[in-house]
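Next come two complexes, and both contain subunit A; in the first it sits with subunit B, in the second with subunit C.
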Partner chain A sequence: MAVGNLEFIKSASGTTVSSLSVTDCFSADYDVYQVVIDNDNAGNNDLYIRVINNSGTVISTGSKYDYANLELNASTGFTQNKNAGFNEFRGIGYQALEGAGTIATFYNPYVSSSYTFATSQTASMYTTSSYFRGGKSIGVYKNADTITGLEINAPSSNFSYINVSVYGVK
Partner chain B sequence: MPLGAARFGLLGGVADLGKLELIETQTISSDLANFTTLYESTYNVHLLTLTDLKTTTQTEFGLRVSDDNGTTYETTPYQFANQRGSAGGTFDERKSTVQQSIRLGGDVTTATNSVLNGYVYIYNAGDSTKYTFTTSHITFQFGTNYYMEFGSGVYATASTINALQIGQGILGAFSSGTISAYGIAES
Partner chain C sequence: MAGSLIKIDEEIVTSAVASVTLTGINSTYDVYMVRFSDVTLNATDSLQLQFTTSGTPDTSANYDLALKFFKANTTFTNEAAPNLTQADFSSITTSGFYNGVIYCFNFNNASEYSFITFEEVHFDGTNTEGKQGGMVHTVAQVCDGVHFKLNGANNISSGQFVLYGLNK
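Showing the complex of A and B:
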């Protein structure tokens, strides 16, 4: 195995689905992970992302998520989106009719004594010609437990396709 | 490790799944940086690292794409949206739906330590059915003032992108600097 590199862990994909779970992608082997999200969706909304613990439970209650992101629009003003004590991350990536590319970095998800932090950058195109938006986001899952996966949700309409690849940073 | 060996996943006889693989490094002197080999059918995501880029005049840096192996670089349709911020206190929006390149960051000047550093991710270059997206994060000296600029861009045509060009302004040769292109391998 290479040392000092990105190491592919797994990928997951779906078509015509409203949600995709990427299970058992975080482990004791790495502290930092790069997650590449490639998706296409008829809606124009944030991706809603929740963590999955080592019991296989999707954490969707308990107000354990904080996030803040800046939405960068090519044709209108930029906007801030943020929440403290929420039940999911919003804006780590976007839905978009003409596709979207996202790289998110997750820190310490598997470390049971640590919160799970996230940073991300994303680019998306809602319609063919008129709505390009990017995003820069931070988030924290404020519970010190063992996180092993992610659930990625499309809040408006299904994903036409979604592909998620997870890499460990060695 | 040679790129070819890396791509075929052989390292000491053990399957080596997924990594950041160096495609090419260019050290520029009074030229554009043209990357005409991307192995776009192998990599869905590319990474460019920009090190100590200097301009010949006060201007920004930008990126263009090519679908004919660098014979020509597209001048439309690009869109971008960036947030620029100064350590001196001013943050502002940099955006366009009509500029003939994807803006990465600037202004950089010709002052001694006025250089630009940063990185760019490129998504879907090898997929003929998808738009090509970028995200970037840049840090630079604007004369004696320190700035950062982050944001995103798109080449809004579904096509196979097989070459990339980095330059100053929109879009010309720059004074000097080093740019490396990497592919993120999934297998």
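Showing the complex of A and C:
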């Protein structure tokens, strides 16, 4: 029997920042990654996530992102959000007043012959008055290049804190 | 944590095959995880999933399924049906890819049904879509793996399929 693992690669964190880059976390060592995002923010919104290529360039143009996410709102029903040909992923995780936790899986980011795919699950609390928001999402960065990292942005307010850990699925 | 995800079986497809079977689920672990990534087909077709008993796909119409079908270009839909013969991850062309993760529960329990949850994303050659949901095989029996096949008489051209146990 072969032995595999969920192997820790690196973590990054920030306080009172509007953006956090996690660089050089994807490599030829793995094809599939789990990214854990834990954050707190005075504003409630989607996380905006862009990929970083092996030249260190944050890809924010070119209309190469497709995403679809479902907000599971405990108080106001479920909401669909989607975009094809956009300039970032939205909804692979949330920012929220009382905190948000996301587990995202990224597929093939470093494989230059394939697109970069993502799925995610999120739980967050918007206020102290019972506004739980869960989330499920999919996304594809539709360009066959070598992706080595992620830029995670808060579109409203700064992150009080944000912690990101990246694991490789061997 | 090191050693928490134990590789049980793996098939890396580099030349065309009609199906992929991963086996080795037993009493060693309670929960198993399957990942499939960078899966391509040699013709437009749908990737499908069944459970195995003694390494053989269970093709009986005993799979109950419910899922949300995410679509980046149009309104999401629901799929829910009892007594299916498999789960279907929707069709892609030769320009498409499948990627996903499946968790398997109760497979080794002869007195309980076998369950899975799954999250899958694919590019169908034009549009980005994905399915997230669950499925149960409503027969109390031991299942020992999963079987990936296509709806039509085509082949899987490439891809990685791996079965892990979650250490306990």
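We adopt the following convention: the second predicted complex is superposed on the first by the 167 of 170 C-alpha atoms of A that agree within 3 Å, B and C clash if a C-alpha of one lies under 4 Å from a C-alpha of the other, contacts with A are read in each partner's own complex, and residues count from 1 in each chain.
Criterion: contacts are C-beta pairs under 8 Å (C-beta built on N, C-alpha and C of every residue); 3 or more make two chains touch, one makes a residue touch a chain.
The model shown is predicted, which means the values in this text are computed figures rather than measured ones.
Novice: Given the alignment on subunit A, is it a clash or a fit between subunit B and subunit C?
Specialist: They clash.
Novice: By the touch definition at the top of the document, which applies to A:Ala144: first (subunit B), second (subunit C), both, or neither?
Specialist: Once the two structures are laid over each other on A, A:Ala144 reaches no partner at all.
Novice: Taking the superposition on A as described, I'd like to know which of subunit B and subunit C A:Ala100 touches: first, second, both or neither.
Specialist: first
Novice: In the superposed arrangement, does A:Ile9 touch subunit B (first), subunit C (second), both or neither?
Specialist: Only subunit B is touched by A:Ile9; subunit C is not.
Novice: Identify the partner contact of A:Phe117: answer first if only subunit B is touched, second if only subunit C is, both if each is, neither if none is.
Specialist: A:Phe117 sits against subunit C, while subunit B stays out of touch.
Novice: Applying the document's definition of touch, where does A:Leu70 land relative to subunit B and subunit C: first, second, both, or neither?
Specialist: A:Leu70: touches subunit B and subunit C.
Novice: In the superposed arrangement, which partner chain does A:Ser165 touch: subunit B (first), subunit C (second), both, or neither?
Specialist: The first partner, subunit B, only.
Novice: Could you tell me if A:Gln80 is touching subunit B, subunit C, both of them or neither one (first, second, both, neither)?
Specialist: Only subunit C; A:Gln80 stays clear of subunit B.
Novice: After superposition on the shared chain, which partner residues are touched by A:Lys136: those of subunit B (first), subunit C (second), both, or neither?
Specialist: both
Novice: By the touch definition above, which subunit A residues appear in both interfaces, subunit B in one complex and subunit C in the other?
Specialist: 1-2, 5-8, 70, 121, 136
Novice: Please output the residues of subunit B touching subunit A within their complex, sorted ascending.
Specialist: It comes out as residues 1, 11, 14, 16-20, 44-45, 77, 79-83, 93, 95-97, 121, 123-124, 130-131, 133-137, 150-154, 156, 184-187.
Novice: Which subunit C residues qualify as touching subunit A in the complex?
Specialist: Interface residues on the subunit C side: 1-8, 10, 24, 35, 37-38, 68, 70-76, 97, 99-101, 119-123, 127-130, 132, 160, 162, 164.
Novice: Help me check something: in the complex, which residues belonging to subunit A touch subunit B?
Specialist: Those in contact with subunit B are residues 1-2, 5-9, 11, 36, 38, 40, 70, 72-75, 77-78, 98-103, 121-125, 128-130, 132-136, 165, 167.
Novice: Which residues of subunit A touch subunit C in their complex?
Specialist: Residue positions touching the partner: 1-8, 31-32, 66-70, 80, 82-84, 105, 107-108, 111, 114-115, 117-119, 121, 136-140, 142, 169-170.
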